[in-house]
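Here chain A shows up in two complexes: once beside chain B, once beside chain C.
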Partner chain A sequence: MERFQIPAQVEKVLYGLIGVGLLSLLLGFIFDPHRSWAALLVFTIFLLLLSLSGGFFAAVQLVSGAKWSVVIRRLSEATLAALPVVGLGLLAIFFGIHHLYEWSHADTVARDPLLQYKAGYLNVPFFIVRVIIYFLLWFFLGNYLRHLSLQQDTKGQDLPRSKLIATSAVYLIVFAYTLALASLDLIMSLEPHWFTTMFPVYVFSGLAYSGTSAMIILIITIQKYGGLKDVTEEHLHDMGKWLFVFTTFWAYIAFSQHMLIWYANLPEETYYLEQRLKGVWGYFTAFFWIFHFVVPFAILLQRDVKRNPRSLIKVAWLTLFMGFADVVWMVYGGLSLPGFPLGILELGVFAGTVGVFGLMVLKSFAKYPQVPIGDPYLEESRHFHQPI
Partner chain B sequence: MVQENALRIGKPFAQIDGDILRPLESFPTKTWWIAFLISASALAVFVGVLIYSFFKGLGIFGINNPVGWGFYIINFVFWVGIGHAGTLISAILYLFRQKWRTSINRASEAMTIFAVMTAAVFPLIHVGRPWFVYWIFPYPNERGPVWVNFRSPLLWDVFAISTYFIISLVFWYMGLVPDFATMRDRLDGFQAKTKIGQILLDIRRFVLRVISLGWVGSAKTWHHYEKMALILSALATPLVLSVHTIVSFDFATSLIPGWHATIFPPYFVAGAIYSGFAMVLTLMIIMRQAFKMEAYITIKHLENMGLVILVTGMMVSFAYTMEFIMAAYSGSHNEQYVFLNRLKGPYAWAFWIMFFCNVISPHFMWFKKLRTNIKVLFVISIVVNVGMWFERFVIVVTSLHRDYLPSSWDMYIPTIYDYAMLIGSFGLFFTMFLLFVRAFPSIAIAEVKADEAGYEMAKH
Partner chain C sequence: MVSFKEVKEGLFSYEEPDKGWVAIFTKPQELLKAAEKVRDAGIKRFDCFTPMPIHGLDKAMGLKRSWVPFVTLVTGLGMALLEFLYILYIDVINWPIVYGGKPHFSFPAYIPILFEVTVFMGGVCTAAAVIVLGRLGKINRKPIHPRVTSDTFALWIGDELSRQEVEKILSPISCEIKPLE
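Take a look at the complex of A and B:
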C-alpha cells in the first residue's frame, strides 16, 4: 500500500501558517500580554479538542461496529499525533497561570470566602497535577489504541477485532470523564464562582463539531494531492451527515444550557450569560449563533453539498472557524477582555492552530499505510454506498 | 468474505404471514386470558381510585405542602420515558440503517403510544378539573379571554407530547397499512360456518378494506411508501429528543436545588431511552416466548437491546456523576445539601435502590455470555425500570421535601391510593398492549419480508 507523501507546497503553507501564529502571539505578548495569554489558552484548548476528536471518532466507529468508516479510520487516529504540542501548550499555561486564573492569586482568594472554600481544589499545585494526569491518560491510552490499530496491518485477522473494540470502549469511558474534568479545570475555573452541570457536555459538543470539520478538510485536501483514493463521495456524504448531526447537537446543548440559565436567572449563574450578551459581546454571541448553527444547518441539509468535495470543504472551513470562535467565546468571556473578541491576534492564532494541527497530523499520517489494510471490513468499506 | 446473515429468517413468505398473524386468526390462549384478566383488574382499580379521588379530592393521596408533586408526576415522567423507545427504534434506527430494528419496531411503537397515553392520564387529573382540560389548548375563547401561560414549561409539555403522540400514531399507522392489506387479502381464505360468523367476517373485511387505504403493493406504491418513511423518520427524530427535553424543563427551569441543573435535557433523554429499551426488552422476551416468535425476534435482537441499555445506562451514570461533581465544586450550601441528603437523608434507601439498578446493573451487559442469556436479560430489563422509577422518585421527592426553608420540611408518605394508582397504571398499559397483540400484527410483516428479499438477493 502506497504511503501518502506530503506535497512540498502544502508543507510550505502549513509552516507559513505556523509562522503567522507565532508572529501574532509574539507581537501580542509585546503589545497586550493579558490578551495574549488568553489567546494561548484558546490555542491549547482548541488544539486539544481537535486532537482528541479523532481518537473519539475512531473509538466510536470501532465500538459500534461501523463498516463504512474503515477507510478513514487511519486518518482519524492520526489526529492524536498533535497531542505533544498540546502538552507544550499546557506547559506554557502553567507558567501563565497567574495571568489567567483568578483563583491562583493569594490576595484575591484572601478577600473571597467562596474561593477560600474552593482552595482545596482550585490551587496551583493540585491544578498542575490534575492536568498532567489527564494529559498522560489521553496520550498513553490514545497511543495504545493507535498502536493496536496499526498492529492490525501486519497481524490482520490474528489480532481479534474484539480486542480493539474493548480497548475503544475503555478509551471512550476514560475520555468522557477526563474531558469533563479537564473542561471544568481549564475553562470553567476561569470564572471560579460560576458552575453549571451542562458545561462538560457543551465542551464535548464543540469537540465533535470542530473535529468533524477538521477531518473533512483533511480528507478533501489529502485527496486533492492523490491520497486516500478509497474514499468516495459516499464516504464524504456520511461525513457531511456526521457534521450535520453535531451542528444540531451543539445547538441542542447550547440552547439547553443558555435557556435554562436565562430562565432560572439565579444570581450565581446568570452573570455568565450577562457578560456575554452586553455591549460588543451581544453582537459576537448573535454572530456566533448564526454562523455556528443556522447557516451550516441550512447548508448541510442539502444532499448535493455533502457529496461535492468543493462545497463541503467550504462548509467545513466555516464550521472549523466557528468551533474556534466557540473556544474564544468561552475563554475570553470569562476574562472580561475589552474589545471585539475576534481580532487580528485571534485570526493569527487560528492560522497557527491550523498549521500545527495540519502538519503534525499529516506527518504522522504519512508514516503508515493510508487505510487499515488488515481490517476485515476494509473491502466492504471501499464499496460502501448510500442506501436508496 | 461472505458472512452468514444473523438476521436472515429463511422461511417462505406465506409462512411468515402465517406465523405473525397466528395470534390474530386463532382463539386466544389461556395464558393470554390470564394475563388479560390480571391487567384488566388492575385497570379497574385504577379507574376506581380515580373516581373515588374525584369525590374525595386529592387529599386521599400523600402529597403535602413541600412535596406538592408526588407519585403523579413520578408516574408521568416514568411513562413518558418508556414511550421513547418506540419512535427511537422506528425513526432514529431507521435513519441509522439498523436492519435489526425491523422485527421489533411494530410492537415497540405500539408500546410508545400506550405509554404516552398512560402518562397523559396523570397530568390530566393533576390539573384539578379534568373536565376543563381543553383549556390548556390556546385558542381564541370567550372565557375572559383566558389564555394559557406560554412561559410555563408545563404548557410546552402539552405541545411536545401531543405532537409526539400524533406523529408516533401516524408513523405506526403508516407502517401498518401494507400489513392491513396482507390481512385483507388473507381473508379470502376464510370461510364462515354460521350466519353470525359470516356477518362478523364481512365486518372485518369491510374494516380492513377501509384501513388498508386501497393498498395494492405495486412498485410505484412501494417507491412512494419508502420515501414517505424516510421523511417521516427525519421529522420524528427531533420529536423523540424534544419530548423528554421538555419534560426535563419542568424541573430544570425552577430554582430548586436538585431540579435546576442544565444537564437535565440530555440526561433525561438518555434515561428515557434507557428505560424505554428496558421495557421493549421485557415485552419482546414475553412476546417471543408466548407467540413462539423465536425465529423473528432472535438472540441478536435481544443482545443489541442489551447493548443499548449498557450505553445509555453509562450516560445516565455520567450525568449523576456530573451533578455530584458540580454540587461539590459549586461551594453552594443548598446545592450540596440536596445531594448529601440524597445519599444519607431519610430517602437514602430510594437513592441506593436507584444507584444499584441504574448504575451497577447495566454493567452485566459487558459480558457476551450474560447479554445473550434470556433470563439474565429479562431480570436486568425489569431491574432497570425499577431503577428508573426510583430515579424520578429521588428527583421529585428528595428535592422537594427539604427545600430552602427548614421550618417547612416534611416527609412524603405515599398512601395506599398512590400505590393503587401506580399499579393501576401498569394495568392500563398492559391491557392496551394485550389487546394490541390480538388485533394487530405485532411484527411488521412487510418490512420483514422486504429485508428477507434483500438478504436473498445479497446471497446470489
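Take a look at the complex of A and C:
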C-alpha cells in the first residue's frame, strides 16, 4: 500500500501558518501580555479538542462495529499525533496561571468566601497534578489504541477484534471523564463563581463539531494531492451528515444551558450570559449563533452539498473557524478584555493552530499505510453506498 | 427553484401494475441487467419486484431521488409555524398570565415546544406520506408472481408493446415473459 507524501507546497503553507501564529503570539506578549495568555490558553484548548476528536471518532467506530468508516480510521487516529504540542501548551499555561485564573491569587481567595470554600479543589498544586494526569491518560491510552490498530496491518485477523473493541471502550470511558474534568479545570474555573451543570457536554459538543470539520478538511486536502483514493463521495456524504449532527447537537446543548439560566434567573448564573451580551460582545454572540448554527444547518440540510468535496470543504472551514470562535467565547468572556474578541491576535492564533495541527497530523499520517490494510471490513468499506 | 408540477410528479410517481408484460428472473444480477436495458430503451412505466433489497437497483432503474424529504421539511416547518401562532394566541392575546416574572411574549420558552413539534409532526407526516404515496394500505393486490417474496425476481413493463418488442429489449437475458392479467 502506497504511503501518502506531503506535497512540498502544502508543507510550506503549514510552516507559514505556524510562523504567523508564533509571530502574533510573540507580538502579543510584547504589547498585551494579559490578552496573550488568554490567546495561548485558547490555542492549547482548541488544539486539544481537535486532537482528541480523532481518537474519539476512531473509538466510537470500533465500538459500534461501523464498517463504512474503516477507510478513514487511520486518518482519525493520526489526529492524536498533535497531543505532544498540547502538552507543551499546557506546560506554558502552568507559568501563566496567575494571569488567567483568579483562584490562584492568595489575596483574592482570602477576601472571597466562595473561593475559600472551593480552595480544597481549586488550588495551584492540585490543578497542575490533575492536568498532568489527564494529559498522561490521553497520551498513553490514545497511543496504545493507535498502536493496537497499527498492529492489525501486519497481524490481520490474528489480532482479536475484541481486544480493539475493549480498548476503545476503555478509551471512551476515560475520555469522557477526563474531558469533563479538564473542561471544568481549564475553562470553567476561569469564572469560579459561576454555576452550571452542562458545561462538560457543551465542551464535548464543540470538540465533536470542530473535530469533524478538521477531519473533512484533511480528507479533501489529502485527496486533492492524490492520497486516500478509497474515500468516495459516499464516505464524504456520511462525514457531512456527522458534521450536520453535531451542528444540531451543539445548538441543542448551548440552547439548553442558556434557557435554564434564563428561566431560573439566578444572579450567580445570569452574570455569565450578561457579560457575553453587553456592548460589543452582544454582536459577537449574535454572529456566533448565526454562523455556528443557522448558516451551517441550512447549508448542510442539502444533500448535494455533502456529496460535493468543493462545497463541503467550504462549509468545513466555516465550522472549524466557528469552533475556534466558540473557545474564544468561553475563555475571553470571563476575563473582561477590551475590544472585539476576534482580533488580529486571535486570527493569528487560529492560523497557528491550523498549521500545527495540519503538520503534525499529516506527518504522522504519512508514516503508515493510508488505510487499515489488515482490517477484515476494509473491502466492505471501499464499496460502501448510500441509498438514493 | 423547483416548480409545483415537478414536486407533484415526483411525489406521485408510483405506478400500479395493471396491464402489460411481466418478466420472471431467478438471479438478482439478471434483474439488474434487465432493469438497465429497460431504462435505456426509454420505457416509462416499469417496476421491479424482489424478495430482498438489491444494491444498485435504484441506479439501474434510473430512479430519481425521492421527494419524501421535501414533505418532511414542509410539514415540519408548517406545523411549527401553526404551533407558534397557537401559543402566541393563548399566551399573549387570549389568556395573558405572568409566569416567573417573564414577559407575555417569551420566545426562549417557546423554542423547546417548537422544536418538538417540528420533529414530531415532521416524522408523523413523513410516515403518513410514505404510506399514502406508496399505496401501502391496499391489501387486495394480486401478487405479480406467487414466489416473488421468496426466491423469484420480477420486472413489470406497463408500456403498450408486443411480445416481440419486449423480447428484443430483454435479450439475451434468460427469462420467462408472460402477459399480466
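Keep in mind that, in the parts below, the second predicted complex is superposed on the first by the 387 of 388 C-alpha atoms of A that agree within 3 Å, B and C clash if a C-alpha of one lies under 4 Å from a C-alpha of the other, contacts with A are read in each partner's own complex, and residues count from 1 in each chain.
Note that contacts are C-beta pairs under 8 Å (C-beta built on N, C-alpha and C of every residue); 3 or more make two chains touch, one makes a residue touch a chain.
Since the structure is predicted, the reported quantities are computational estimates derived from the model, not experimental observations.
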So, after the overlay on chain A, do chain B and chain C clash or fit? They clash
Report task. Figure out whether A:387 sits in contact with chain B (first) or chain C (second), or with both, or with neither. Result -> both
Once the shared chain is lined up, is A:163 touching chain B (first), chain C (second), both, or neither of them?
neither
- Thinking of the overlay built on chain A, is A:176 touched by chain B (first), by chain C (second), by both, or by neither? first
Which partner does A:196 reach: the first (chain B), the second (chain C), both, or neither? first
Report task. Give one of first, second, both or neither to describe whether A:263 is in contact with chain B, with chain C, with both, or with none. Result -> both
Using the superposition on chain A described above, determine whether A:121 touches chain B (first), chain C (second), both, or neither. first
Query = Touch check for A:303: first (chain B), second (chain C), both, or neither?
reply = second
Of chain B and chain C, the partner touching more residues of chain A is B
Candidates 2-10, 38-46, 92-100 or 218-226 checked on chain B; the stretch that hits chain C is 218-226
Intersected contact list for chain A, partners chain B and chain C 263, 387-388
Note: in the complex, chain C contacts chain A through residues 55-56, 58-59, 63, 65-66, 73, 100-101, 108-109, 111-112
In the complex, chain A touches chain C at residues 255, 258-259, 262-263, 265, 301, 303, 385, 387-388
Counting only contacts in the complex, chain A reaches chain B at residues 114, 117-118, 121, 173, 176-177, 180-181, 184, 195-201, 248, 252-253, 256-257, 260-261, 263-264, 266, 268, 376, 379, 387-388
Counting only contacts in the complex, chain B reaches chain A at residues 1, 97, 226, 230, 238, 241, 245, 249, 252-255, 260-266, 314, 318-319, 321-323, 325-326, 329-332
